[in-house]
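Okay, so chain A shows up in both of these, paired with chain B first and chain C after.
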Partner chain A sequence: MGRQVAIASAGFSEHASKRSDVSMPELVSEAIEDCLKNAPGVEIGDIDAFVNGNMPAFEGSNIPELWMTDWMGARNKPLLRVTTGGTTGGTVAISGYYTVAAGLPGIDTVLAVAFEQQSQGDTSVGLASVAYGEISILNTLGIPYEQISRLLSAGAAIGVAAYQATTYMNKTKIKEEDLARVVVQNRRNAAKTWWAHLKMPNLTIEEVLDTPYVQYPLRYGMVCPASDGACAMLFTTEEKAKDICDIPVYVNGVASVANETAVLGYDGSGSCQIDPSMQLGAIRSAELTYSQAGISFPRKEIDYAEVYSPFPNQELMWVEKLGLFEEATAPEMYEAGVTAVNGELPVNCSGGVNATNAIGASAMERPAEAALQIMGKASNQVPKTVHTSIGSGWGGSLNLITLMAMSDQPRRKF
Partner chain B sequence: MIFIIILIIIKNEIKMSEEKVIVANKGLVRADFAFWVGQYLDKFYDGLENKKIMGNKCPKCGDVFVPPRKICGKCNVVIPLDENWVDLPETGTLMNFTITPYRINDRTSRKAKDWTIGMIQIDGSNTSVVYRLLNMEPEDIKIGMKVKIEWNEKTKGDPSDIKGFLKV
Partner chain C sequence: MSKMTQRKSLDYIKKDYVRTRTLTGSWYLASYKFKFNITHMKPFLEKLKEKKLIGNQCSSCNRVFYPPRQVCGKCLVKPDKWVDIRNTARVSTFAISYLKDPETGEVQERPMVLVHHDGADTTSIAELNPEIDVKDVYVGMPIIAHWRDETVGGLMDIEYYDKFIDDSDDIRYKK
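Take a look at the complex of A and B:
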């Protein structure tokens, strides 16, 4: 095993549909300022290495990490760019963890930054290479651009999520109200989070169900917004973390698993191909992460979860697949308030991806928020003490899952 | 072999904070890409031209793939090109479906009739393909129902030879 890694701090920029008041590097610098504000013992010059990532080509800017080097404080320092579609943020965070865990001489403190300023570019152009169900892969299967509408219909992430939703709804026999309930909880939580985008403190289930379909069974009121925003996380060693911050959060397990072929409908080989809601990638990444972290009973041992859910059916799926609830029981738990801020197992108290989605940053905002809940510094802090939390990411068309398990205690040494 | 050309339109605008456009570049970039589908899919598309569905079978786990593929990801086993081919029927089971008012690449048809699209597992295979469900009202559609291929009259040896699926 590598070195024990700790999260010393995490920070966000303010998110909105259009942050036209800042340029892309300025947006990123906001998140870094907020991150360093939470860790008074460290200055920008103390950071040894940087990891940076966002969606490829969404803003039409190539190699943005070089453009924003000075804004990150990364001049003359090791810098790495990572990008893996929807899970980019999760992968950037995991790369930050790897960089510290590796124990290279002189590299102890690493800043990981993920961002997206979607209002600046034509997201469709970016999506053409990413979320259209991997358009270029479909081309290699002999499916021309004009025929994609026949196959994937609405396209983008929702073209995939709709199939997950119908299968999940059929399996659990839930109604659209159950999906809307998840949305209402998220948007109301977002209203209490300073950096969140869609803040709707008085949203009701009826209002959500009153919007038209984007693609059955998902309605406009249920899908995530497109946001501008950035997130930063500071990783360091166990020893340094104790000097830098009051409550270091230890990263005890990480995983990034793509279980099977990513293209829906024409190039699949696994279970996901006939049951898109099965998500073996999530199950496998949970097994890996929990075994590293020594978590045997996730339902009992995990106190807080941030899961990546641009669409409400995914939130229900992930909490089951990541072992927090039994199969097909998540909708009841949401109805009973188990996942609310003051519930037994709070989920997505930041409002989650459903309320704020700066795509490249989203999968990092999950572990960042989960770490802040342990530190007691989250904006919508849960009343109970959080000892162990998880943050997940979903992307890569069908099922690339990133997961990070964090705790206030370092990993047990065997 | 199938050959595809994609046209990308690129538009650049540089914005100031009060959203005054300083520089706007508009233009058409033509990008030509050629993708080879490979010999396995070639054989599959030849089958479609003759209105036949062919899959191939993993020699280890016995999973049948439609469309056929070279490697079974579960077993990490190469399926030889000239072996393990399976002829499959025109019928299948509807695994799930969606209804969409939008088309991915046609913004003019937003007000057109909704499309129903389903994932269909061809009988005897372990995978699904996504196609339109034809002549079906949303209330008729049940997950798990039997469906059958509706072929295009003239086939060309590409995925569009299958028009969609009908209720049996």
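Take a look at the complex of A and C:
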């Protein structure tokens, strides 16, 4: 049957391009320390189970969850590691939710931790493992390796995002200024968030447009950084959450939906998504999540959104696909300031993935920040009262979308 | 008060050590063996030798896959019908990459396109004629396959795609 789950607390480590002052377990410990600081009633002995995860092969060490067992306080307790590529953080949060929702005897409070120390591992090895299967198949069918790598531009997520950006820009008839505006909003918001990476309080649209193209239509100044950082979330039952914190945040809906593989497809057979910005998986995950949470009018009922947007065109795309704005109207809303901190529907007030991207942790930082906005404990807190918020995730070439809807009222429909 | 917060904060570590010690290491990781079936590709590759394009169609949802696919993800049905596909296509989407020539150091602009063949329901990666100016490329641009003189029965038999003027009215670009 399942039971109502609440988020009691969430915490972050400091993010930077190279956290060379700490090792990987120490980085994770920082996030847990910050998370438990927000929930003074919880001792490490009160936590019944742990969920842990990061982007596979990006950390450069074998079985990192066992290395950091002592640093998490997980010795002799149930521990689970989940990795789903770019959406790892979202999946770790959903796993934490499921662990509590299952209602197993003796498992009420679960700590979910997602982390990434990209400066330590070899990112190119990680990326190679993402695309190598499809590339070797195309290779066998007659396309030489040099041409494939040129076509895919080394296979990184930016290749996929650039294709999405071109069709999105074609569909909405927007200019590069509209993309730059999103970046400026994100990086200025990041300057007010203590844990964010790229803090640029005085960034202007002209400065963004002054940087060279990485890949048309995306410029260097629009692309997310590579960060080191960790995030922790504390999930517990409805009853216990009321004792632990002042404003428990109830998880009312979760979804994780995969869609057609972008660009390459399986066995080199191409993609059925003729328009890469169509994103049927996001639409479906929104449907599932909102029906669980009893949200009928997302635009009206959702007060705050954290969407996974390493590239500005994705932020515009997601807010539309997740039902927050009508199709092709998001750029206007950004121009009108609807999505600003003091706007009608604030989006990514933490600066989002565009300002901080510790890959494995990024997709968990979205629901974590969205939960803190409801609790009123966020670093860049919006002035209005947030009742309902969402946090989404998107994973690389597979187009896997994770979504979590949270509220200050327990409304999960069973 | 939690034990985690009672415990001395991590600052004591930072006081003692300004930096962590960095150990560099490397090991050979890039060796893979993937098993995949190519029997469903055979008719497709043989037709390429004759400079003809075919795709396979799902009998349940009628979607046409080019290059052929082993299973339709929508219906969990094996596409078993072969259908002809035109050698004309549309640019479904594109991006421009900026690659440095290793010898001259000159930055080259190269458009990378996903092509949507007329008669197919999928897009595939391809290259445009290097003589096409990158500024002229747009979404929905009509293009035509340019074959190599000697075909071997591989995807590389299509050397690149050329621009052409589309005066046919029977096929409209599907949105």
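The definition used in the following text is that the second predicted complex is superposed on the first by the 377 of 414 C-alpha atoms of A that agree within 3 Å, B and C clash if a C-alpha of one lies under 4 Å from a C-alpha of the other, contacts with A are read in each partner's own complex, and residues count from 1 in each chain.
To be clear about the criterion, a residue touches a chain if its C-beta (ideal position, glycine included) is under 8 Å from a C-beta of that chain, and two chains touch if they have at least 3 such contacts.
The structure presented is a predicted model; accordingly, all values stated were derived computationally and were not measured.
Peer 1: I'd like to know which partner A:30 touches here: chain B for first, chain C for second, both or neither.
Peer 2: In the superposed model, A:30 contacts chain C only, not chain B.
Peer 1: So in the superposed three-chain picture, is A:215 touching just chain B, just chain C, both, or none of them (first/second/both/neither)?
Peer 2: The answer is both, since A:215 touches chain B and chain C.
Peer 1: In this superposed model, does chain C or chain B come into contact with more residues of chain A?
Peer 2: Looking at chain B versus chain C, the one contacting more residues of chain A is C.
Peer 1: Looking at the overlay, what does A:358 touch: chain B (first), chain C (second), both, or neither?
Peer 2: neither
Peer 1: Which partner does A:43 reach: the first (chain B), the second (chain C), both, or neither?
Peer 2: Touch status of A:43: second partner only.
Peer 1: After lining up the shared chain so the two structures overlap, which partner does A:275 touch, if you call chain B first and chain C second: first, second, both or neither?
Peer 2: After superposing on A, A:275 lies in contact with both chain B and chain C.
Peer 1: A:111 contacts which: chain B (first), chain C (second), both, neither?
Peer 2: So A:111 meets neither chain B nor chain C here.
Peer 1: Counting contacts the way the document defines them, which residues of chain A are shared by the two interfaces, the one with chain B and the one with chain C?
Peer 2: Touching chain B in the first complex and chain C in the second, residues 20-21, 122, 125, 128, 132, 136, 140-144, 147-148, 150-153, 159, 162-163, 166-167, 170, 212-217, 260, 264-270, 273-276 of chain A appear in both lists.
Peer 1: In their shared complex, at which residues does chain A touch chain B?
Peer 2: Its residues touching chain B are 20-21, 60, 120, 122, 125, 128, 132, 136, 139-155, 159, 162-163, 166-167, 170, 212-217, 260-261, 264-270, 273-276.
Peer 1: For chain C, which residues are in contact with chain A within the complex?
Peer 2: 1-5, 9-10, 13-14, 17-20, 22, 26, 29-30, 32, 34, 36-38, 41, 45, 63, 65-70, 73, 92-99, 110, 112, 114, 116, 121-127, 134, 138-140, 152-157, 174-175
Peer 1: What residues on chain A touch chain C, complex-wise?
Peer 2: 20-23, 26, 29-30, 32-33, 36-37, 39-40, 42-45, 73, 122, 125, 128, 132-133, 136-138, 140-144, 147-148, 150-153, 159, 162-167, 170, 212-217, 260, 263-276
Peer 1: Quick one: which bits of chain B touch chain A in the complex? Just the residue numbers, please.
Peer 2: On the chain B side, the touching residues are 2, 4, 6, 8, 10-12, 15, 17, 19, 33, 35-38, 41, 45, 63, 65, 67, 69, 72-74, 95-106, 115, 117, 119, 121, 126-132, 138, 143, 158-160.
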